[in-house]
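One chain, subunit A, appears in both complexes that follow, with subunit B as partner in the first and subunit C in the second.
Moving on to the complex of A and B:
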């Protein structure tokens, strides 16, 4: 049973492990996955702890439905206090790791302490061992995974590992599994590095009993049909996530040259069809692959066609790599995008963060805020592909003054670089923004500003806001499972009613993160995909546990509030430009200069934005400072936290 | 004509949903270790090959069985194990060239693909059509066309090379 899966507390300083069941009461309150991780973080991280200290707990989990007969539930979640932001750290990845962990008997791991020397965890069929990782230290993410398999003599072992970036404590180092699945954001790989934890390897052959197997099979079939027949997923399954990049760039929603433009010109070589062409030529017509149990298969396979890394096998590039190594630094070559993608995956560093930070440094260089002195003679100009890739190497190995400074993350780097460098840093809560440009879409801007892990699109983005759906359709989606009769608007330039959309999406994404479901399988890019009404059935058939749609909503709201409480405890204040629900001034001051007629001239209106944030807080039951009221906490059963239920 | 499972590994996306639905269908549990089908992977090259019982005509598992516990199903043509006769010696597990005879550590019994009684779930759930349930003549005519296409491409290529020499 999914309900039998355990939680393990592992102290790397003492080598002690403790395995406990997860009480039903906890499942009803937090379900599992990211939601329960947030509860565990709030309960286990000492207030104000240094993210790189042994006290900072690294929490690893699969979703409640992971590895049950519910498709696309392969997500692994990592949580800790973030070494990049000093606030909530959270990263989510696909692949095959979380299902294997579930077959090995575990849903949650709470890892504290620090090992004396490099080690890795070996988790198999209810057992946890700490093993020496001296031979693995210094190796790339994929070399590490294959070496662990050879050492353990089992090619089916799945590992979540760090590369050199994590070892070198790059503040936005990620955790990787497979070729390119990345728990990318907020520096969870840096936390692993700080604990001398090179990898978590797992292999399991334990049954997960399905409560109602035949019903679960039939429901899954229906679920898959609902997902694969959506047009957006058919396109994802052919072109992968780059198709979103292509569509957004055509319209004018891709920030380019850091934040100077909202569209990349002459992007022919990195358009999704061009990338698909390379995949077809180097791999063959069937070059799409997927995560465990998923029929969307949105990930392309390719070999780098030319350059110093020619012939290297890779997967992706995702939407984010096109922005990080294409639009933001304004590099137009597919070879550069694919090479950049390969390098970040091998070093184990967040592609989004590193691309944004380098393009920021490029703007500073062109403005003369940093010079050849800081770059050690590197011509760090926009469009300089070689300089871009050189900076990836330097940051991951902390080479040179600038490489070392940028490895610390945007806020500390801005302090070291000084002058007015901070004004050009496109970040929220210390984490760089995605390469999408939200000046023409207030709803998306609100999402970025208020996302709990710092600037982020996968926390609460109402992406369907761009589809101009009729109000009746919006009302059907956003009016359930809790009634909403306030305003809603089909116009993406509008501010009215958007706060509710963002609030709804925030709960929707939290719910799928608790269950371990991929966001492409809910109302993210497609309006017809499963949501609150469908999950209770998947939960019941697979686990026997009964939830109503409203109860799942309540769990999601509870978990989002726990994340909020954590952030407030660690220093979030509403208007703080470093740790607040704010946006860089350029969103308000610099209008879009390129793209479709509707977006030229667009920028965010300061006053309307403030009202939107007010509304957003009100929907949550938070006061004007963004603090949950006593009444809200009581309603959600959070008035006595921390409660240490497990 | 009897249908059998045929794999086109080029189309396999490596998602392993087939393993999941197989174990749920037969055992009521999610556990790839108890699946009749398993996807073997070379992740560093992105190659995935689903391995499944081929229901061989001259089946090594059947020949090696010392007590004659393995016989052919009259209706669907798959090889089946008679557990009343099986002594659990696992010779069939060792001899199968495809690794398609498995051993269940919980029940201490061997197990293999039974085509789900005529509606194989691996086929039903594979949207990529990497595994199909078809008759042998369909497979051979498809293979002929594929082979001919490759030959035709090769001969065109050699003509091009010849013209350049």
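Moving on to the complex of A and C:
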């Protein structure tokens, strides 16, 4: 049974492990995955701890439905205090790791301490071993995975690993599995590096008994039908996530040249269709693949077509690599996008963060705030493909003054660079914004400003707000499972009702993160994809546990609030540009200069934005400073936290 | 109980609203639906004049690949000039 999966506490300093069951009472309150991870972090991380200290717990999990008959439940989640932001660290990846961990008997790992020398964890059928990783240190993410398989003599072993970026404590290093599945935000790979933990390898053959197997399979057929017939997923299965970049660039929602423009003009060579052509030519017509138990297959396989890395195999690129190595630095070459994507996957570093930070440095260079002295002679200008890729190497290996400084993340780098460099840094809570431009989309601006792990599109983005859906449709979606009769607007340039959309999406995404479901299988990019009313059956048939849609909503709200409590404890304040729920001044002061006619001139209205944040807090039951009220905490059963139930 | 609830969920009930064979203009105040001829490579919005290049995911599923840059840039420049002019008038 999924309910039998355990939690393991692993102390790398002492080598001791302790395995515990997860009580039903905890399941009912937090379900599993990210939600339960948030509970564990709040209960186990000492207040104010250094993110790179042995005391910072690294929490690894699969979702509650992972490895059951439920579709697309392959997500692995990582949580710790972030070395990038000093607030909540959280990263989520697809692939095959989490199901293997579940078959090995575990849903959650809490890893503390620091090993004296590089090690890796070997987790198999209820057993946990600490093994020497001296021979793995310094190797790329894929080499490491293949070497572990060879050492263990089992080609089915799945590993979550770090590359050189994590070893070198780049503060936005990823955890990786497979070729390109990345736990890639807030520096969870850096936390692994700080613990001398090169990899977590797992293999399991412990069956997960399904509570009602025939019903689970039958229900999943309906689920798959609903998912695979959606236009958005048919498109994803052909072009992958870059299709979103293409569509967004079309109307003027792509951040270009740091934040100077909102559209990359004449980007034909890196449009998703052009990337798809390269994948077809280098791999063949059937080049799309997917994660465990998913039918969408949104991941392209390709070989780099030309240049110094010609012939190298890669997977992706995702939307974020088109932004990182295309729009942001204004590089129009597919070779550069695919090479950049390959490099970040091999080094194990966040493509979004590194692309944003290099583009920020490019703007600083063009403004004269940094010069050839800081770049060691590198012409760090927009459109300089070679300089872009050179900076990826330098940051991941901390080479040169600028490489080392940028590896620290945007805010520490701005402090070292000085002058007015911080004014140009497009970040929230210390994490760079997605390569989208939200000046024409107030709902999305609210989303990035208030997301719990720093600026982020996967925490609460109401992407369907862009579709101009009729109000009746919006009301159906956003009026369940809790009634909502307030305003809603089909106009994505409006401010009215958007706070509710963001609040609803925040709970929706938390729910799928607890269950381990991919966000492409819920109301993220497709309005007709499953949500709260569809999940109770999946949970019941697979695990035997009963939840109503409203109960799932309550769990999600509880988990979002415990993340909020963690952030408040670690210093979040509403209007702080470093640790708050607000945006860089350019959102309010600099209008869009490109894109569709209505987007030109758009910027965020400061007063209306403040009202949206007020409304968002009110929906949550938070006061005007964004602090949960005593009544809210009591309603959610969080008034006695930390409770140390595990 | 969840297993006894056999009515359509919100997502299932919205499935009938899916439209195939059409794309939407990307201009926020327009967002008009356009039905391109099968296999065509470009389409112009009859309402606002924005022009788009098309990609066919399947023979029934077109999507906008991107703008026809020169057409849409010109439209955008005109609008930008109008907005600038309007703001000058407003400041008088």
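As a convention for this text, the second predicted complex is superposed on the first by the 646 of 646 C-alpha atoms of A that agree within 3 Å, B and C clash if a C-alpha of one lies under 4 Å from a C-alpha of the other, contacts with A are read in each partner's own complex, and residues count from 1 in each chain.
Going forward, a residue touches a chain if its C-beta (ideal position, glycine included) is under 8 Å from a C-beta of that chain, and two chains touch if they have at least 3 such contacts.
This is a predicted model, so every value here is computed, not measured.
Q: Name the contact category of A:224: first (subunit B only), second (subunit C only), both, or neither.
A: Touch partner of A:224: subunit B, not subunit C.
Q: Would you sort A:249 into first (subunit B), second (subunit C), both or neither based on which partner it touches?
A: After superposition on chain A, A:249 lies in contact with subunit C alone.
Q: Is the number of subunit A residues in contact higher for subunit B or for subunit C?
A: The larger set of subunit A residues in touch belongs to C.
Q: Where does A:271 make contact in the superposed view: on subunit B (first), on subunit C (second), on both, or on neither?
A: After superposing on A, A:271 lies in contact with subunit C but is clear of subunit B.
Q: Which holds for A:23: it touches subunit B only (first), subunit C only (second), both, or neither?
A: Touch partners of A:23: none, neither subunit B nor subunit C.
Q: Considering only the touch criterion stated at the top, classify A:295 as touching first (subunit B), second (subunit C), both, or neither.
A: Touch partner of A:295: subunit B, not subunit C.
Q: Kindly classify A:637 by the partners it touches after superposition: subunit B alone (first), subunit C alone (second), both, or neither?
A: Touch partners of A:637: none, neither subunit B nor subunit C.
Q: Looking at A:48 after the superposition, I want to know if it touches subunit B, subunit C, both of them or none. Which is it: first, second, both, neither?
A: So A:48 meets neither subunit B nor subunit C here.
Q: Touch test for A:600: subunit B only (first), subunit C only (second), both, or neither?
A: Touch status of A:600: second partner only.
Q: Could you give the residue numbers on subunit A that contact subunit B in one complex and subunit C in the other?
A: Shared contact residues on subunit A: none.
Q: Touching residues of subunit B toward subunit A in the complex: what are they?
A: 10-11, 13-17, 20-21, 24-25, 27-34, 43-46, 48, 105-106, 121, 124-125, 127-128
Q: In their complex, what parts of subunit C are in touch with subunit A?
A: Within the complex, subunit C contacts subunit A at residues 1-3, 5, 9-15, 17-18, 20, 24, 26-29, 31, 48, 50, 52, 55, 57-58, 61, 63-67, 69, 72-73, 75-76, 78-80, 83.
Q: Which residues of subunit A touch subunit C once you look at their complex with the stated criterion?
A: 212, 215, 226, 229-231, 234-235, 238-239, 243, 246-247, 249-251, 265-268, 271, 273, 440, 467-468, 473, 476-477, 480, 491-493, 523, 527-531, 533-534, 536-537, 539-541, 546-548, 593-601
Q: Inside the complex, what are the residues of subunit A that reach subunit B?
A: 67-69, 71, 96, 103, 142, 146, 178-179, 205-210, 213, 216-217, 220-221, 224, 228, 283-295, 297, 301, 313, 315
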